[in-house]
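The same chain A turns up in both complexes below, where it pairs with chain B and then with chain C.
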Partner chain A sequence: MKSREQEYREIFMAEALEYYDAMSRHISELEKDPTDEQALNELFRVMHNLKANGRAMGYADIGEVAHGMETIFGLIRSKERTFSGSLVPVMFSGIDTLGRMIRAVGDGEETADASVLLANLERLVQGEEPILEDDEQSATDEDATRKLELSDLVYIQIKKLDHLLNLVGELIIDRDRILTLSQEIGNPALQSTAAHLFRITDDLQYSVMDARLVNVGSLFNKFPRVVRDVAVAERKDVELVIVGQDIQIDRNILQIITDALLHLVRNAIGHGLETPDVRRQAGKPAQGHLTLSAQTERDDVLIQVTDDGRGIDVESVRKKAVERGLVTAEAARNLDAGAVRAFLFEPGFSMAKEVTDISGRGVGLDVVKLAIDSLGGQLRVESVLGQGTTFSLVLPTSIAVKGALLFELASRSYAIPLMHTDSVVSLWPDEMHVVGGVLMARILNENIPVINLHDLLHSAEDGLLAAASKSDLMGRQDIIIVNYNNRKLGLIVDRFLRQQDIVIKPMSKPLDQIDLFGGVTLLGSGQVCLVLDVPALTRLFLAKRP
Partner chain B sequence: MAETESTGEKKVVKQDKLIQLIVFRLGDEEYGIRIEQVKEVTVTPEIARMPKTPAFVKGIANLRGDIIAIIDLEERFKLRSASQPLVGLTYTLAVEAKDYTIGIVVREVPQPLSIPMSIIEKAPEFIQDINIHDKYIEGIAKVDERIIIVLDMLKLLTPEEIMQLQPKSESSSARART
Partner chain C sequence: MKNRILIVDDSFYMRTMLKNMLTDAGYEVVGEAANGQQALEMAAATKPDLITLDVILPDNTGLDVLKGIRQEQPDVKVVMCSAVGQEIIVNEALESGATAYIVKPFSEEKVLEIVGSALQVADSGSTED
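On to the complex of A and B.
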């Protein structure tokens, strides 16, 4: 197993060598046509990236040389220098020096001294003539002995990996089918081949998933700058702490949560953290603290944005929810803080300016929520008034395979993603009560509404569900407790089947219009199995409850 | 010489261009779809009923790894009352609509039929009376004593039209967001 350090160095090397190739190419273009702006811009960009990467990896001298070169290309770009005269050989030797330094890093050797070059670069910046020694000589030496190298790393378009992953998904569905068939047919040779196929596809699946993993740090490391800019704009003093950059997650998942995370961080600085004066008055250190952290939690990745700001005023949110008619005043009074905070994610709720001012939270939190929902993840918020707020994003590591609970309803199989499943219980009818037309079950000191899933799925397009009656319930009821946005809902199903990893295929047109289903999967038996979308199901229940 | 010959041939081809239809029965009439719009014809696979869909959407089925919606055009076009369910063995035409594949369930084995393009007549206006919007009726072909209504699947309903989905407050807003 390679260490992280080594892996980073390999990535640095691959990129640096590519930059080296690019700069060698572009500087030749620039020499032929000193007015070639595209080549100049590329050189500037490549130097800038190399500088940043070099410094991040602790190769200060590479950073130093790249910085000097970048400055001069910047001057050429702003027409303060021209790419001509004595500047040309210095720049060429600079690129050769960078190439030597990069190769030295790759070989694990000390990088050569570049003080002569750096001095010349400095002179050029100051507008003085560089002192050219035997530069011509060394340049030709370099040319003569130069080795051509190919990178150990391959850049690949994420699209290609997506395609690969889709194919693996299809393969797994067929594999499960073959495995089931082989058991039915009972031929030992077929069975052992099927078992082998199972192992290989398993390996293949994890290899493809692994190839898509990137470090959370690749996103997190963009935040120091964001935090600085927002803090300056908001006149806040913020210290950002980043934890767990090494946690790995599927690249597309990271892509999808980028905006959500940006939103949460901006919110935390803009609304969560107080200005230094206010903080001092409240007896807190003047500097606000913001933590971006990632950690693995079972199979999931937990990303948290924590601030030590003013927190969420639950009572204001409660009041607002009643005013907006999301809940009756009576019901609101009985809601616990968590359930009240869940209102912040209601579409439109957070958009209201007043709420933002009162609670100090929430422009577009529903957008964050939707991004997380689309991944089958969970978004939670915890907050202590006056002490701070934590937003937690629970994300799957990979989008390909999801754990799901399979159950039967009207002799058909359905699946519910485990991400949204809280628990499963079997209750006798007399363990449930009808409250206001809705069945309620008391599970672990919590009152949870329970609905017959069949009734909910087949409810009329308009009109509410009929009031629940216990007389419809015969015998023990299998109930799946789902959890969405801190709202728990019990679903009565005919029978629990099993827990299984499933590959979810998106619903094809025109059925993708039905949002109750997040997709379909094919079971080993070849049967089509609908995957329920818990967020949509919860919304349906809220709209239809009697 | 050769040139005139080839143009002459072209003319002949143009006049008598044959098209191949897959002909099937809906209600009491025969309908046809151009063969290039039909992906395959198969015995109807096991259909999983999908809640929250109109009755004429029979559900979804696994057709060689593709999950497609299966619809009953007889019910959609009200050519058969909903109280008469489909019975026994049925067949499914997997048809390429605009940007998706959809399955059309029929009661009898669909048959291929070649007809000259020229005998397809444009549908008269009053065709709307039988509940099929004329925009995807390409025309009507009279073959011997048979009348075949030729459908143009590419102009068939949009997904919204197929699903008969009205913009509903709750579900539509949820849809818009996804």
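On to the complex of A and C.
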């Protein structure tokens, strides 16, 4: 973790360099047109900020020079001085001095003595003539000695970063291949080079991922306006609280969840929060609360949209799910609240009784769900009737590389993203029971259906799975518990292999027709490894369970 | 209830410092605005208890923002932030309804003292209605 002082220093430096660029630009504009008010105002503002920030950081010299400059630009603004004559070279030299001081601070060096400049600034404030040195009087000399400084910040198109990240992905695959080959060949020089290559590409990968990170605040800060507009249209009184703007996430992930977040916020105001009258009758404050928060959770980013509105009525969702034929009445009775709320994410499942201007445009939560799925993230909903609802989005920090669990099935390697993996267990057959044709395991007080992955992958295109029987199970079973949309499912595999970061590549045709796989990855051995798509697998199981 | 504060300053550095100081002291920072336009929008949307307002902003002066906010939200407490040298604007701001002012560079104690007492003013004012 960076210390706060270090963070302040970095921010100060980045901003000071920007200010220096801005003042260099604006003073040239002012030189061309001494009546350019906009340039003058900007110079004044930038000096003011640099003074305040410099002093706060304890850089007294920067503060003092910026203060003198600010005062003079202030006098020019109030028409007590003009940007002309001997004042001009002093101001230019002042900006050069500030530039040198900022760079010195950045390099951790002492700032040079500025007493001559400060004396001249003071003379100008007092209305006296400055005493110019030779090089200040002659503009040509000054130009010849001035160094050109470029900003330390570059703006870069996200497309270029995407390309860079793709290349890194390719590189990592080849690297793993070389590492495996070097072990097979057994040449020590080759092995040590391969090990070095491994470390460098790792570093490269994290550097590229780091370059793509932006603050969640860049999206969150657009919401006060949205909330205000929606609240007005829905006749709700809403207070928005934003938490965790500084959390960092891949820029493209933020882009992909933008619409989802917009939808959740509109929903929360439209359907979640009650009107002030209803709230008062329910004994709540008339003003509804909406919180948009971000926090890091292990390697992931957790974004939550919380309202203190009416909450989700689990019983009416249960009823509607049965009406829509998503589940039989009997099965519905046994589902816990979490599993019932998960129906909200089914395509076209809307609980809105009336269509409102803002939130009822026929787009359901399934669209939100799809966006999060496409990122390999998770969407959860928790709710207490009458008290409010929280939607949680668990998102990867970065897109390119995912942690995965590798396992073996019928002598082939498969991968399953860790994002959807709850736990791995090894169970003896007598620790499981057959209920309604489905194998069930009780893990941490929870009954979880278990299926042999081989059977699921090779099930007939139509028709249900055969009823499970414990007699097929020989010895201890390796089971991966996956979690999708609040539904847990145990997958029996032949053998766990290891946990590994993988680069997922889309599948080429015609394999991309098979939606049970989210892509492929190449292992160091050169072996192609299919990456299982947990959402698709879960849906398949639900459709085919006996 | 935590008091809710909106920070208005065009310098990211200043906003970060203020936010850390206020958050550490248990206040809730409901937003950060970098210019006058954002400040007016966020003040309307977040309805804070208190606003720290830089006197010099890129698109208009803090004074214009102060007047704009005062029209919409007469009860919100506004603490002007200024570096030394802008006493004239600060005086004008106090006459236009600013609750208090802080001079940059500020110490954490000073900020908390001024914000704390400005909010006290808010409390005694709101008991009247």
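Quick note on the criterion: the second predicted complex is superposed on the first by the 381 of 546 C-alpha atoms of A that agree within 3 Å, B and C clash if a C-alpha of one lies under 4 Å from a C-alpha of the other, contacts with A are read in each partner's own complex, and residues count from 1 in each chain.
Convention: a residue touches a chain if its C-beta (ideal position, glycine included) is under 8 Å from a C-beta of that chain, and two chains touch if they have at least 3 such contacts.
Here the structure is a predicted model, which is why all the values come from computation and not from measurement.
J.: Give one of first, second, both or neither to describe whether A:Pro224 is in contact with chain B, with chain C, with both, or with none.
T.: second
J.: Between chain B (first) and chain C (second), which, if any, makes contact with A:Leu457: first, second, both or neither?
T.: first
J.: Please work out whether A:Met432 is in contact with chain B alone, chain C alone, both, or neither, and reply first, second, both or neither.
T.: neither
J.: Taking the superposition as given, does A:Leu370 touch the first partner, chain B, the second, chain C, both, or neither?
T.: First partner only, chain B.
J.: Applying the document's definition of touch, where does A:Ala56 land relative to chain B and chain C: first, second, both, or neither?
T.: second
J.: Considering only the contact definition stated at the top, list the common interface residues of chain A for chain B and chain C.
T.: none
J.: In the complex, go through chain C and note every residue touching chain A.
T.: Touching chain A from chain C are residues 4, 10-14, 16-17, 20, 28, 30-32, 41-42, 44-47, 56-58, 83-86, 104-106.
J.: Flag every residue of chain B that touches chain A in the complex, lowest number first.
T.: 46, 48-53, 57, 60-62, 65-69, 99-102, 158-160, 162-163, 165, 168, 170-171, 173-175, 177-178
J.: What part of chain A is in contact with chain C in the complex they form?
T.: 4, 7-8, 11-12, 15, 42, 44-45, 48-49, 51-53, 55-56, 63, 67, 70-71, 74, 217, 221, 224-225, 227-228, 239-242, 245
J.: Of all residues in chain A, which touch chain B in the complex?
T.: 170, 173-174, 347, 370, 374, 412, 457-458, 461, 505, 507-517, 520, 522, 526-530, 536, 539-540, 543
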